[in-house]
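Naming follows writing order (A, B and C), and every chain is counted from residue 1.
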Amino acid sequence: MAAFLNFSPAGGDQSEGAGRGNPFFRSLLAMLEGFGAIVRKDLRLEVRSGESTVALVSLSILILVVMVLAFGPGGARRAEVAAAALWIALIFAGTLGATRALLAERESGCIRGLLLSPVEPATIYAAKLAVALIFMAEAGVAVLVVLVLFFNLEFGGGLLRLIPVALLGAVGLAALCTLLATISGRVRAGAMLLPVLVVPLFTPALIAGSKASAAVLAGQPLSAVATWLKLLCAFDVLFVAAGYLLFEHVILED
Amino acid sequence: MTEALLQAQRISKFFGDRPVLHGINFTARPGQAAVIVGRNGVGKSTLIRVFCGLARPSAGRLLLFGAEPVHLAAAQFRRLGVLLHQTLLYPNLSARENLEFYAEIYALAEPATHAARWLERVGLQRAADEPVSALSRGMEQRLGIARALLADPDLILLDEPFSALDRDGSAMVAGLIREALARRAAVLFTAHTPLEIEGVDLGLFKLESSGLTPLREEPRRRALRSLLRRRL
Amino acid sequence: MKGYLSVTLATTSCLAMLAALFMVFVYVPTEVDQGIVQRIFYFHLPCAWVAFLAFGIVAIAGALYLWLGHKIWDELGYAAAELGMVFCTLVLVTGSIWAKPIWGTWWTWDSRLTTTFILWLLYGGYLLLRAFAGDSDEIARFAAVLGIVGVLDVPVIIISVRLWRTIHPAVLLTRQGEHGLQDPRMVATLLVSLGAFTIMFIWLLWLRLTTLRLRTRVAMLRRNLALLEAGAYR
């Protein structure tokens, strides 16, 4: 189970950390090292190929363009339209991003390499969540830039206030998607199944996030949407914890 | 009584309704070497995957380092080195980067030095900075073996390590196996046909649908067979 | 023993349902504001209760499957999900039938209906997964995780939907809930109906579970047969 509950026996411990600090500290350190190594590796891979970034950014921009064309760029409801566009883009980019973060391991069966290593499955989850979050942030930045361009800086400070809202939503989405993304590789219509599974689960964060985004873009301060933000935080904490504990059950094969 | 590194007790494995393994019993102790032979498709790769804890047995019990893989402390996996049919290497990273990555997650001190040393040992120092996708199958295989042996594991499971290698590569791997045995690791690998490794008391097992059976040869038959086998 | 339990459940369920039907259509007085249509409430609410109960069972069975590993927990979860989907659909349908004469529309986005609709989607996802992916251990574990995550989500969904609706009170109309029942006969009818639906759910769950267990048994026999044919028992 979780790293903290397993104190490895002293026998056969060849690492340089033997004897340094108590077991809890040691496993925490090991977890952070493993986490860091995996995230760095994934980012290096992404910097080299750029596939995921291109896919996500283009998808997000496309969604935004469609929304603006459908609803018109101006008008009294543009804050809501922009908020809706952002969240739709986040959801699609999110599921795609998390899938790609996890599926990078599918080539050459590298996920088995990770599973055979001393890295806990929960650490793999945390690392993949972080990478999915980074991908989503890329999509988010693209959306923000397009919002600025399309809506002619009308939102001003609202865009800045939007960032924490979008970030909180992205964390919850990444947590859910990373946990459930393993289904994409395993099952016949897996990639289609993932949004079907994730979106109903994501509805509380979607409600909270889109309402808060619309309010903030319409000029309201963050304090006005405090309830929604609290809900988003609770959602994030709940599902990151659930994912952390449950990931080992979905990642093991056969 | 030396502690058994691997214990398989009456293990079966089904894929859906199709039986792949049945009635597998096996024990691996420190310093023990064994080769498992069987025709194509009999389940050698599945056996290795069950033995290293990746695939759950449908029935029976597997003990790795004395515990079932799901209950095994994560740090214990450092004592396990595995080569699968898949290379477990990232095709878009270089050979060096792959080894450095694995050295990091195996929490080895000075991962860069470790990786460089192993690249030399498997003869890949010149191709060290090429992406793995550009390597030949034989070179990938050697890198995969380096990956498996990186952390000086106590239990080594190799799925057909000699299959893609030329004479020099095979001799090198045989040497690595000898070294591992010298430091009291257990080595278990699979092959199509029986082999021998010089200076190593290699147990021979055959995998069939009825299970894993040890094969013992009398001296005369052994002499005859050595004409047909490869000697490494 | 098994036959005994099955017969008992079937009889109790039928009797309880007959009693409930009697009470709903004969015993209980017609409600003043809404008229006869209001009687659907005595089916609507118990269906909702069963739908949520079933979801809880899916999650608990999933957790037990992950913990204990015995296939029966996975079967229980699957059976509960199937039944839960049926009852959830019934809630939405009875809700629509009730809403049309009262509010003039088939659907309203009030907090309870919306929450039930999201629950329906969660069930749908679970069943789609099972339909596509089958029955292997891997999928059973994934389904268990899905169930657990779903049940953790339900309270958050309820809270968020309620917050969502209170900000837009214009379309909202308070519906007849438990607290709006004036006559003690109404309370009694509701309780009997709740009991009847719960017993019927347990009976159907038992039936379905038996079928799934038989299916597992057949699969095991097929495996043994395959082993024999492969010469494993030489």
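Just so we're on the same page, a residue touches a chain if its C-beta (ideal position, glycine included) is under 8 Å from a C-beta of that chain, and two chains touch if they have at least 3 such contacts.
What you see is a predicted model; the values in this text were computed from it and never measured.
For the pair subunit B and subunit C, chains touching both partners: A.
Innermost chain of the displayed assembly, by C-alpha centre distance to the whole-protein C-alpha centre, is A. Farthest chain from subunit A, judged by C-alpha centroids: B.
The distance from the centre of subunit B to the centre of subunit C, each centre being the mean of the chain's C-alpha atoms, comes to 50 Å.
Per-chain Cα centroids separate subunit A from subunit B by 36 Å. As a whole-number value, the distance joining the C-alpha centres of subunit A and subunit C reads 32 Å.
Residue positions of subunit A with contacts to 2 or more other chains are 252-254. Multi-chain contact residues of subunit B, defined as those touching 2 or more other chains: 56. Within subunit C, residues 137 each touch two or more of the remaining chains. On the side of subunit C, the complex with subunit A involves touching residues 66, 118, 121-122, 124-125, 128-129, 132-133, 137-139, 141-142, 144-146, 148-150, 152-153, 156-157, 159-161, 163-164, 167.
The residues of subunit A lying in touch with subunit B in their complex are 3, 6-9, 12-17, 27, 30, 33-34, 37-38, 41, 44-45, 48-49, 107-110, 112-120, 252-254.
Of all residues in subunit A, only 176, 179-180, 182-183, 186-190, 193, 196-197, 199-201, 203-205, 207-208, 211, 227-228, 231, 234-235, 238-239, 242, 246, 249-250, 252-254 touch subunit C in the complex they form. Chain contact summary for the complex, subunit C toward subunit B: residues 136-137, 219, 222-223, 226-227, 230-234. Those residues of subunit B that touch subunit C in the complex are listed here as 14, 16-19, 22-23, 56, 209-211.
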